[in-house]
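Shared between the two complexes below is chain A, which pairs with chain B and chain C, respectively.
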Partner chain A sequence: MNRVAVQCIKELRQFVRDRLSVALAFGLPALSMLLYGFATRLEIKNIPLVVQNLDNSALSRSFIERLYTNEQFVPVRCPGGDLVKTVLNRGIAEAVVIIPPEFARKLRAGLPSPVEALIDGTDVNNARVIKNSIIATTNSFLDIEGLSPFRPLIHPQVRLWFNPGRKESLFVVPGAFGIVLLIYPALLCALAMARETEQGTILQIYASSLTASEFILGKVAAYVIVGIAETLLVLLIGFVVFHLSVAGDALLFTLGTLLYLIDACLYGLMIAVGAKTQNAAVQAVAFGGFTPALLLSGYLYPVRNIRYPFNLVADFVPARYYIELSRDTFVRGAGWAGQWFVPVFLTLVGLLLFRIARKRLGRMQISA
Partner chain B sequence: MPPVETVVQQAPDTDGPVISVRGLRKRYRDLEAVRGLDFDIRRGEIFGLIGPDGAGKTTIFHILGGVMEPTAGQVAVVGRKPADARSEIGYLTQQFSLNLDLSVDENLSYTAGLRRVPEPMVSERRRRYLKLMGLDAFGSRLAGQLSGGMKQKLALCCALMSRPQVLLLDEPTTGVDPVSRREFWDVLAGIAHEGMTIAVATPYLDEAERCDRVALVHEGAIRQIGTPVELRERLGLHRLEVRTSDLGRLEQALAPGGSVESAEIADVQPFGDRLDVLVADSERGERYLQSIAASAGIGALRIDRDEPTLENVFVLNLRKEGLGTTAYKPFAFSGPALGPSRKTSAIAASKLSKQFGEFQAVKGVSLQIGYGEIYGLLGANGAGKTTTIKMICGLLQPSSGEMMLAGETQRMRSPALRQRIGYMSQKFTLYDDLTILQNLEFYCGVYQVPMGLRKERINWVLSTCQLVGREGMITGLLPGGWKQRLSFGASVMHEPEILFLDEPTSGVDPIARRQLWNMIRDFARHGTAILVTTHFLEEAENCHRLGLMAAGELVAQGSPSEIKKAQPGQLIVLVTSDTQRSSDLLKTKLESWRVAIFADKLHVVLDEPERQLPALVSLLSENGIQVRSQMAGSFSLEDAFIGLVQRRGGVQS
Partner chain C sequence: MLKLWLKAFVSSRLWALSQKELRQILRDRQLLFLLMFPPTIQLFIFGFALNPEVTHLRLAVLDLSNSPTSRELVSALVENHVFDLWRVGTTYRQVTEAVCDGKVEAGLIIPPEFNREIKQGRQARVQVLLDGVDANKAGIAGGYVSQIFTAFSRRLETGASSPIELDASFLYNPGLISAWFFVPGVMGLVLNLTGSLVSSSALVREKDSGTLEQLLMTPAASWEILMAKIVPLFIVLNITVLLALSMGALIFQVPFRGNFLFYMAISALYIFVAISIGLMLATIARNQRQVVMTSFFFNLPIIQLSGAVAPVASMPLFFQYLSLLNPLRYYVACIRAVLLRGVGLEVLWPNVLALFAFAAVLLLASAHQFRRQLG
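Showing the complex of A and B:
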């Protein structure tokens, strides 16, 4: 029998034998999908806002009403006293809007009236959203009340493509595929490799004249098979729980996923070749695989936001390309025309990882 | 054991050596592990490599197995470079070479696949080798759930699947019980007879007796090479087994620096109930010993003459290299000697039993151990030793029976009582990731050694272990023998009254073993009661009294000599014209444990030799085998043990 197949069958037998590893191999990805899908919320809603109305006119009350109309802000009870100190310092609200006295009278007279907005800038992103939202509300208030001193000549008509309902799960879940399908196959493969070293069975493999390539391919094949099963599971969760549907090219996605799983397993194996214990292998994979996949892949924020020199690193993170492909498949739907480079890149990465792993295994001998 | 069909296809070059090594060197970063080796191994030979820990044996095996490059020198296995000859080599590494989470069958299929054994031959060989090793009933059992002996037999099966010409076995019987050990070697003798070439490393010198040739390796070089007989003859000494009622006084009189110094005596080794004295001339030696006994006021000695053991060869040769010659620094006891004068027993157990669900692990064990006594509890894995010890220590509540420990019958785990007890376990005494000094300081603290004594005690341990100046070293880096001595030191710094030693010399070379036993005897002389568990029978000879356990029961008790004497039967050593065929024939008439091949000799245990032997000899000659010599041999403790266990229906697996 082909020795790659022999090695692969042995790996699968060991994998299936250990009930705990099987449970983890499928339980953890499923759990991660649910966690990422439900817990990651990028849209900012329900911001506590305090309004101090020193004018107490119909117009100022209508302005306040407008601030709270969409779900962006929620009113909180103001304890009184120095607003900045009590409200912002204690975190009762994240923004305070103060409407000055004479607000309505000045506006009716065509005079400008400043409205003061104090925003908690601890969370920069949050602060920017609040600021834009208050400005936008103010502008639309002026429009509606007919208080605008001039009529805008340009009126943008905005339409959201691909995700008209701005469903966040459409952004988060395809991205999460890229994280889950990297980490778990890589971990399993790394553990299997480190176990051989830890238990000394690697010596039997050295003594058997199995080549490094056969050894790598056998191990990777086994965990790619496990990875395919994991893929089916997380896709099922995506379709059923998060209502994804295929917008792009399913064939391209299948090809890309297969290559991505191979890269993940090769990566785990390559890392674990040098590890003396399974524990060390887990840590190496977690740091070297998980962290870049989470931070440098565009999963949470666009890659172009990443600064030099880390943006250079990001260019080589396979998760970045796979997430792009995944989002295209489930949201955008451009297919081959837009994503042809993903399989090409993943193949190149795979070849590189294979070469490194083979080099690290050396001549299938004890290195002294 | 059923006879083996032809195992090895004859290679074209049958005349030259199968393994040839010239000028072999291996250098690690700052250590030269192998320093110029030259040797040949012939076809069908069992070649033994013996040597202390760190002698370079494993490195030699790695190179022969083609998994490591030598730094210099030529190595040829079946005429090729080892890496190119890997398909002709079966290699059992020191760590278990099996995938423990695969079943017996799956392990075999995996190895067969790796080594490209054609499919139809796999099932045939699997059937044959599993039967040969007595594993045929366990095909679907996980390798991890086999006993140590069965694991090693399975590993051997795996190595044989591709029918290699050469077998490399690196300490294959460490952690294997005596019965399985003997069966393992019977299998080796059988396949060597079929033409398999076997190189084996072992720390057990009784196993080295079963090799055709032996190389004594020390510091990466071969010091002695030859057949066991040649090595003994080269030593030029005779061994006298000396027994007397007052062994202690005789030992003192003979001790170096004692009242007598003589060129007559090459070595004195104390055992539990005898002294082994090596002399150049038996006649003069005996006279000399009797005269010393007379002048020391000891009655006449009982002296038996025998040939030196391979262990004697090993120790005396290495002593020439300056190993193991450092004078032993006695422990400075702060308390008064407890002495055997104390009337009460240190440990007394009466009808201890332990039931685990349906399974009765220990059945009615009674034993007494006095102060100053070294008591050995022997038995194969699963015989109930560990359970018994746990009950005696108070770690496990007996199902029935009574216990007394250091005069206490209740509250066996009270801190005050534990303070008077020392415990050294096989593996877990020291923290590998602490330095030597940190470990010793930790144990001083745990056992509350008085502040004023700590420095002195730690220095004592360091100097007896020859580790002065290296106390900052990480403990995990020490070789096995040193670690064992260090753990012993750590467990006795608080001068315990009772000492439990669990397999204290497992995997330790003979030199370190002797040093450790010197320390143990010193504590016994001071009055410490010592309970040793072991399944290594050579070790048991060091005990004053022994208890043999089998299937949860104490089946024999007494001094080593008493136990040997109590066994019915006699050991007959036969030399015949065809050892293997003789063994096969005799096994058709006798139970297989009664027949064992020791290199070119056969050991046969007969209950009634006068009646049985003539019939057996004629059986051999009827089959065209010439019996060249037959003589009575001395029963080893292992022979006695195996006989006892087998008569009671074998060991449980």
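Showing the complex of A and C:
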């Protein structure tokens, strides 16, 4: 145990000595948090919308007014001509709504008068948002103008729980914790390990009486400590800049985060054991850690939308479970009842990674 | 004349140096691996994993009315696969707890008087609970809920149809296939990452191993050394572009509606941008580790603010302005427009102009930096 502590202190000293590494170890997580937190927004507000009014009646004008009142759409002047060519191809607006001639007269006479909408489908998510929004406007327009032939008999009272203001930052920022706290501790640990191999100092370790387990634990302990400091930094950003607050169980989150940091460092170390250069180690960590954490974790879009066979991989991505825990802690607040499996899973992953790392380190020792 | 010029070129130093670089690239297994493997995998995962569709939300139902109408209402919610019936609860608490614990994304509570009120022609209220953690998903789901309810109400009152039926059509991607949005974005992202990585590591390796000094001792001018570095990378990266393009077409059936030559021309411009970014990084950094760290520092904002994954228009204003300084933003906008909208220079000229400016400035700056370091 003592030897583990000594190894850990040695590692921390070495880390602190390299000024650039220290600066990047804290600068990069902070930068990532701000970028992910501010610049990942899925829904467009202020969608540019062109309305071509072929009716020009009071009723059609009030319909147009309705479209623009909910502040989701911004009016763009209708340039005329072939609207697909002049508006959508050029990307001047995301959607075109065409009100047919005789719109008012037909509606007053109780006849149907369909409205046409051309929506830019390039951004798939926003295309859906736009269509939903136009339909909702149309329905409320009918109700308000008293044009609806029937009174809707069923009235759904939709309640948005946990996030009634639909703030996307509440979704994105806890998710970003899962990415930042995986990739940077893993990178630092991998770099430290690969440096030993690259500079040949690993041979001194082999020659010493230090066992593989002690060596791994010492290194991991050092970078978990660095990881804890990074965690405090990103949490501070989360609280101060993005106004997060703890809704769930802080103790569970602390435990989960600690396990997650250990997993991250073990993962970095395990990858780096086989790498010959620091560069190769970083590539491997970035690729094997970053891509799944970003894409197979539900950070942006639901995990259950992932297609076969990648959905099978997603079940084993620790970031996925940690992000769920983080969202629960800061937004939903179920605590142990909903999230008890997260620490269990993270512990299992940690044990697995430790075994692999020890095996690979042992194998190397023989060949050296 | 052409023959003479060709002969002069083949016997030139530039040609010899280029050949040396190309051989070095082809011999370097790790580099070749970097050129082919990560782009392929990234395209795959992005294309298959990111899907903003809102379907199959788990729904918990508490039906206190337990009447044919209420059961029909539940099946109306389930039948078009927006919602999947997760379980039918027996108490209010069961449903709310399922939502609280994140076991379901939506809860539906139908009150006991539901059927009676409808029969008497009064408005019946039902409660829908939506998990709002994913704001985007909740917004779309909420829209679906009210559409389904409106349609259901209408069906109850036989024959009545809405006077304003919205006839909506999605242009460029009528089926709203998510891969068509993400794959062009990832092509840009991959080209940026691969280009900057390969060029920086090619230069730093030579710095690290000290062979750069040997090259300097030869009669070759520094611009020849630099050109010879850039030309083979340029050729190799063009292959990456074609690889990504054919993957997009074959695996994800992304359409190609624009002009192929135009596409290759803007890609060539962007290859120069990516190579220059790599050369810059290599001149700033002293060793491989610093290259890797600084490339993270630069590539992270470049990718995040490019609109490859999340649209630029949805970012806060400050970041939208910041993204104007991001070359990748223009490239992604271009290739998306060429592939999906099928437009060309007549629409995209401002983007192309910006890319030109970036390529020229970055290339000159990195060449200047390179020569200063050698001097």
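In this section, the second predicted complex is superposed on the first by the 363 of 368 C-alpha atoms of A that agree within 3 Å, B and C clash if a C-alpha of one lies under 4 Å from a C-alpha of the other, contacts with A are read in each partner's own complex, and residues count from 1 in each chain.
Basically, a contact is a pair of C-beta atoms (placed from the backbone, for glycine too) under 8 Å apart; a residue touches a chain by one contact, two chains touch by 3 or more.
Everything numeric in this text was worked out from a predicted model, so none of it was measured.
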Using the touch definition from the top, say if A:R166 reaches chain B (first), chain C (second), both or neither.
second
Between chain B and chain C, whom does A:V6 touch in the aligned arrangement: first, second, both, or neither?
first
Contact-wise, after the overlay, does A:I205 reach chain B, chain C, both or neither (first, second, both, neither)?
first
State whether A:R128 touches chain B only (first), chain C only (second), both chains, or neither.
second
According to the contact criterion defined above, which of chain B and chain C contacts more residues of chain A?
C
If you stack the two complexes on chain A, which partner ends up touching A:F239: first (chain B), second (chain C), both, or neither?
neither
Is A:Q14 in contact with chain B, with chain C, with both, or with neither (first, second, both, neither)?
first
Can you list the residues of chain A that touch chain B in one structure and chain C in the other?
none
Okay, in this complex, where on chain C does chain A touch?
30, 34, 38, 41-42, 44-46, 48-56, 73, 99-103, 118, 121-140, 142-147, 149-150, 152-154, 156-157, 160-174, 176-178, 180-181, 201, 288-293, 296-297, 300-301, 304-305, 309-311, 313-316, 318-319, 336-337, 340-341, 343, 347
Show which residues of chain B lie in contact with chain A when the two form their complex.
26, 28-29, 62, 65-69, 83, 86-87, 89, 91, 93-102, 106, 109-111, 113-116, 119, 142, 158
Within their complex, state which residues of chain A touch chain C.
20-21, 24, 27-28, 31-32, 35-36, 38-47, 84, 88-91, 107, 110-129, 131-136, 138-139, 141-142, 147-164, 166-168, 170-171, 191, 195, 277-280, 282-283, 286-287, 291-292, 295-296, 300-302, 304-307, 310, 314, 324, 327-328, 331-334, 337-338
Flag every residue of chain A that touches chain B in the complex, lowest number first.
1, 3, 5-7, 9-10, 13-14, 17-18, 199-201, 203-210, 363-366, 368
